[in-house]
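To keep things simple, chains are lettered A, B, C, D and E as they appear, and every chain counts its residues starting from 1.
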Amino acid sequence: MSFQTVNVMLGKSFLLNCQIFFVTLLLALPLGLIVSFGSISRWKPLSGVSRLYVYLMRSTPLMLQLAIVYYLPGFLNPGHMLPRMTAACLAFVLNYAAYFSEIFRGGIQGVPRGQQEAGQVLGMTKGQIFYHVTLLQVIKRIVPPMGNEIITLIKDTSLANFIMVKEVIAMAKEFGNKAMIWPLFYAGVFFLVFNGLVTFLLSRTEKKLDYFR
Amino acid sequence: ACGNNGTQDQSSQSGSNTSASDVSSGSQQGDNSSVDAADSDWAKIESNGTMKIGITYFEPMNYFDDNGELTGFETEFATAVCEKLGVTPEFVEINWDSKIMELQAQTIDCIWNGMTITPELQEALTISDPYIKNYQVVVIRSDNADVYTSTADLVGKTVEAEAGSAGEAAIIGEGADESLKQAEYISAAKQTDTLLEVKTGAADAAVLDFVLAGAMVGQGDYSDLMIIPNLQLSVEEYGVGFRKDSDAAEKVNEAMQALIEDGTLNTLAEKYDLAELLLANQ
Amino acid sequence: MAVLQVKNIEKHFGATRVLEDISFELEQGQALAIIGSSGSGKTTLLRCLNFLETPDQGQILVQDKVLFDAADPSTQRESEIRKKRLHFGMVFQSFNLFPQYTALENVTLASQLLARERPDFKEKKKEIYAQIEKDGRELLGRMGLADRAGHYPHQLSGGQQQRVAIARALALKPDILCFDEPTSALDPELTGEVLKVIRSLAEQKTTMIIVTHEMAFARDVADQVIFMDGGVIVEQGPARQVIEHPAQERTRQFLARYAES
Amino acid sequence: MSFQTVNVMLGKSFLLNCQIFFVTLLLALPLGLIVSFGSISRWKPLSGVSRLYVYLMRSTPLMLQLAIVYYLPGFLNPGHMLPRMTAACLAFVLNYAAYFSEIFRGGIQGVPRGQQEAGQVLGMTKGQIFYHVTLLQVIKRIVPPMGNEIITLIKDTSLANFIMVKEVIAMAKEFGNKAMIWPLFYAGVFFLVFNGLVTFLLSRTEKKLDYFR
Amino acid sequence: MAVLQVKNIEKHFGATRVLEDISFELEQGQALAIIGSSGSGKTTLLRCLNFLETPDQGQILVQDKVLFDAADPSTQRESEIRKKRLHFGMVFQSFNLFPQYTALENVTLASQLLARERPDFKEKKKEIYAQIEKDGRELLGRMGLADRAGHYPHQLSGGQQQRVAIARALALKPDILCFDEPTSALDPELTGEVLKVIRSLAEQKTTMIIVTHEMAFARDVADQVIFMDGGVIVEQGPARQVIEHPAQERTRQFLARYAES
């Protein structure tokens, strides 16, 4: 099998990593925002539940969470389980929402209270303050930690092979079936390229937000 | 009660498998008699119209050809059986060491992937009639050809097999080889992983299916591997695994028998170089 | 006529009483300086006037209209408070400029948002925005910042930032402008610029309340001075009288600390 | 198989997780410190190499790094490879040293320059400044991010099952062959307990360092 | 006799010249105030004296001994510089107290570390440490902080922190004590305390260099004043003369900015 073919096949399975990556970004970001609102809420039960959720998600291996999301429904109620990729995405979304929520929380709490008050004394509504005053400052604050988390995410997508999603590392190992071992060492290149791209985009975003402090 | 359901279902379903479209008879039966009948494993498979077949990828059983199409002896065999049964086969890759879990969770309806029939599996599953003879071989690096000539040479060495496989049974199971029992055993997630381990030296030897080993050893990056000659361990048979007391096993047995009788199975076995292992030919 | 009447304001944080029976009046066009040592409640008082804190007792009247009455919940409705805030302008100790907007945008943002509530906004959007920008530039000009309109806060010195904050507060034409230690976050050298601006506002008869530690400035610029200590008004009266001939021992002690340096 | 037996067996394999955990802490902390000195060095080649190392380690999945550390030597030179646990520990140490070095770097750079200068004008030697002035302040700064990384580490130890170290999750999954599925869901408890402990110790450390700011 | 002689100091940062041909002398027991606008090089000059920056040109002499000569590398050896620094004490603008040590520990730490180099340290460890602690407490007492010896910096007000910093610098008995805007990070109210302490040091004839923005204070306390602008000394002379009757136009302009407030 040629280098070309290996590349194409690894590339195809890397699409699965990308799919999990983008679905997770798309869903875990808003979910994380909601959870972060929960955990800074002054209503104790809500903040308690939110923080417990974050604690559980952050304290157990994602690998296990994948297994639980995938196998547990079928274990309790045979036949009623999610397709592999759906389960993988769900587990990633639930897990990353917890991490993202902590980043949002830090970002929101990091904007000085005086910014809100300045908006208030200028007669702005809460919505206006959030949208015109706070939001961009929060975004500026969360871009760097979010960048780290995003790089972790793309690497973590490989964990999906634990529930038999044939992502790029699983595929690379699979080449062992064809008596080819080097693809396993080669698969890292996909992550390097992807992360190079992500790092570039992030530093551009950071630069764009650099016009204010 | 389970066994009772099984027989009931078989008799009720036997007419319906002649035509794939005749799904209604199953559900009618369910309405008329008991709820159990509608719950029958086969009824469910049939009403889904697909049989989900749990596999792992390895040549020559299930693998992708150079066009990226799934093929292999088991692939074609299972497809032929499904055709007879009037359902569509859907091949699902599973983790071999969670195969029972997958079956119970109903992500798959059967395990059809060169599954060696072991007493443990017989207890946990309902298994079809055996169709192919299998035996385990020991794979080593060629440069050790003179060092390891029999299992006796492997005492104290690192020996690997796939978790839950017949190879594992040959090392640590009840009827295990006396010498291999004294080796250091390591379990792998896949049979093919054990070859990587032997090649790199992570393990001294691996015990795996002859069928698989024969197809891969000596190829590509595995050209420096070999099978210890004239060494057959735990000669056993392959079967298709179903959920315990599933009535689908009986359906598959019938179809299998038909394929043996019309020679289809033999043709397939010859195509994949397995004819001498086919039980029907013994 | 008194623009502002503050009657018997009281404020607690948990168990600590921070303001106690605060009452005073402020005439149109006058400047009131509030002095007092750290923790005496000066900031809290300004925050109560701007509805950033809700007093536990008392009333606040502007032009004889009751803006706030602790006994009357109908005066405390969230929706109305927003509008009532516009009677007051606030210049914070730490400026609190919006870092992502230029000086001009800081000054015009609130006006633009308020303009959206005008019935004729849709038709005349362009004219309205043009007018707001013109006003904003004019204000920055008055602050001596005409050439800094396009600068972001971090590109300005502390004194310039504070002057932008003053322009921002003035842009909404408040009845009463509040300053909370407007120079305490500034280098001594930059203090002068800001004090000059406030002085000129006083000369233009802007109604102001200024919390300050600059005694000389308070004496020269303010018409009235209130000295607070421990959450109560210890002494109030004409500026020169309170600062140069305080009637109360506590006031004397406080002022003595400044004489030392 | 009784609950008792499962517990004992899972517990025994969790010892492998713990072993990787402690070895990594013990070796990656000093190595990370060295790398962090490298990356803040003013000598360009050294800081370049250090940063490249950190970038590579942080951009590729640990799973792959494990495979490379373990299989690559044997692939190139059959039979000459490290024992599994040694390879696993090595990969973890190399990987975590990169992460730790970034934390150290942040901690060191976070101590205001004025602290060093205050030491200098008081006639302290460089060593005295580091030991008596900077060190504790760096420690205080790095405890929170280090805590996060440590919790990630114990979870990551499970990745060692990729090179067939029979750690707790691999063991739990193994029970599936005995038609026992619950151990897989139950394995999470080990991590929860361990992390509870770590979190407790960390918050105690943070409290202890709370006497100064 | 001149304790300190600074001769033709010059300092560049990259292409920008920050100090240019700086020369002055300081007599034993005198206080020198350095004034000048932001960026004029005052801090850089103090940092050169304390060997935190290395001048590109010029010499520094203390008691007629050449401590530093830009032309003589042997005066710039790392190992000797450490000892030479002890001729100078430095009080930073931002205090730079060690946050993890109490006020007393801040004051005694350096003395304790230096004591370890004494030949008799091992035998007399206890006595030496007891003496250092006694001296430290005495110093804190002189700063009016006897009851704050066990407090950590964050438990002290800004003025108290700055006084601890002064005690810390005094503990090593420097020949010349340098202050870089010692009150500019303080609330106006707390400024007085620190200025009082410096004033009393001047009365005790401590040799000092004070960079300050407090003109009145410089006039009253300093013997000599240097006015810097753009990295050069524009004017130097007796304090009252420079501040009340500046000879140079630039000095007049600078001082006018303070008169405004």
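Criterion: contacts are C-beta pairs under 8 Å (C-beta built on N, C-alpha and C of every residue); 3 or more make two chains touch, one makes a residue touch a chain.
Everything numeric here is computed off the predicted structure, so don't read it as measured data.
Steps from subunit A to subunit C, taking the shortest chain of touch contacts, total 1.
Common neighbours of subunit C and subunit D, by the contact definition above: A, E.
Ranked by separation of Cα centres from subunit C, the top chain is B.
This structure's chain pair with the greatest number of C-beta contacts is A-D. Distance from the subunit B centre to the subunit D centre is 41 Å, each centre being the mean of its Cα atoms.
Between the Cα centres of subunit D and subunit E there is a gap of 45 Å.
With each centre defined as the average position of its C-alpha atoms, the distance from subunit B to subunit E rounds to 85 Å.
We define each chain's centre as the mean of its Cα atoms; on that basis subunit A and subunit B are separated by 38 Å. Shared interface positions of subunit A, defined as residues touching 2 or more other chains, are 71, 75, 173, 181. Listed for subunit C are no residues, as none touches two or more other chains.
Multi-chain contact residues of subunit B (touching two or more other chains) are listed as 95, 98, 101, 104, 193, 196, 199. Every pair of chains that touch is listed here: A-B, A-C, A-D, B-D, C-E, D-E. The touching residues of subunit E, counted against subunit D in their complex, run 50-52, 82-83, 85-86, 88-90, 92, 94, 96-101, 109-110, 113-114, 152-154, 168-169, 172.
Residue ranges of subunit D in contact with subunit E, taken from their complex: 112, 114-115, 117-118, 120-125, 128, 132-133, 136-137, 140, 211-213.
Note for the complex: subunit E touches subunit C at residues 37-38, 184, 187-189, 191-192, 195-196, 213-214, 216-217, 257-258, 260-261. Subunit A makes touch with subunit D in their complex at residues 56, 58-64, 67-68, 71-72, 75, 151, 155-156, 158-159, 169, 173, 181, 184-185, 187-188, 191-192, 195-196, 199.
Within the complex formed with subunit A, the subunit B residues making contact are 44, 57-59, 63, 66, 68, 93-95, 98, 101, 104-107, 192-193, 195-196, 199, 216, 219-223.
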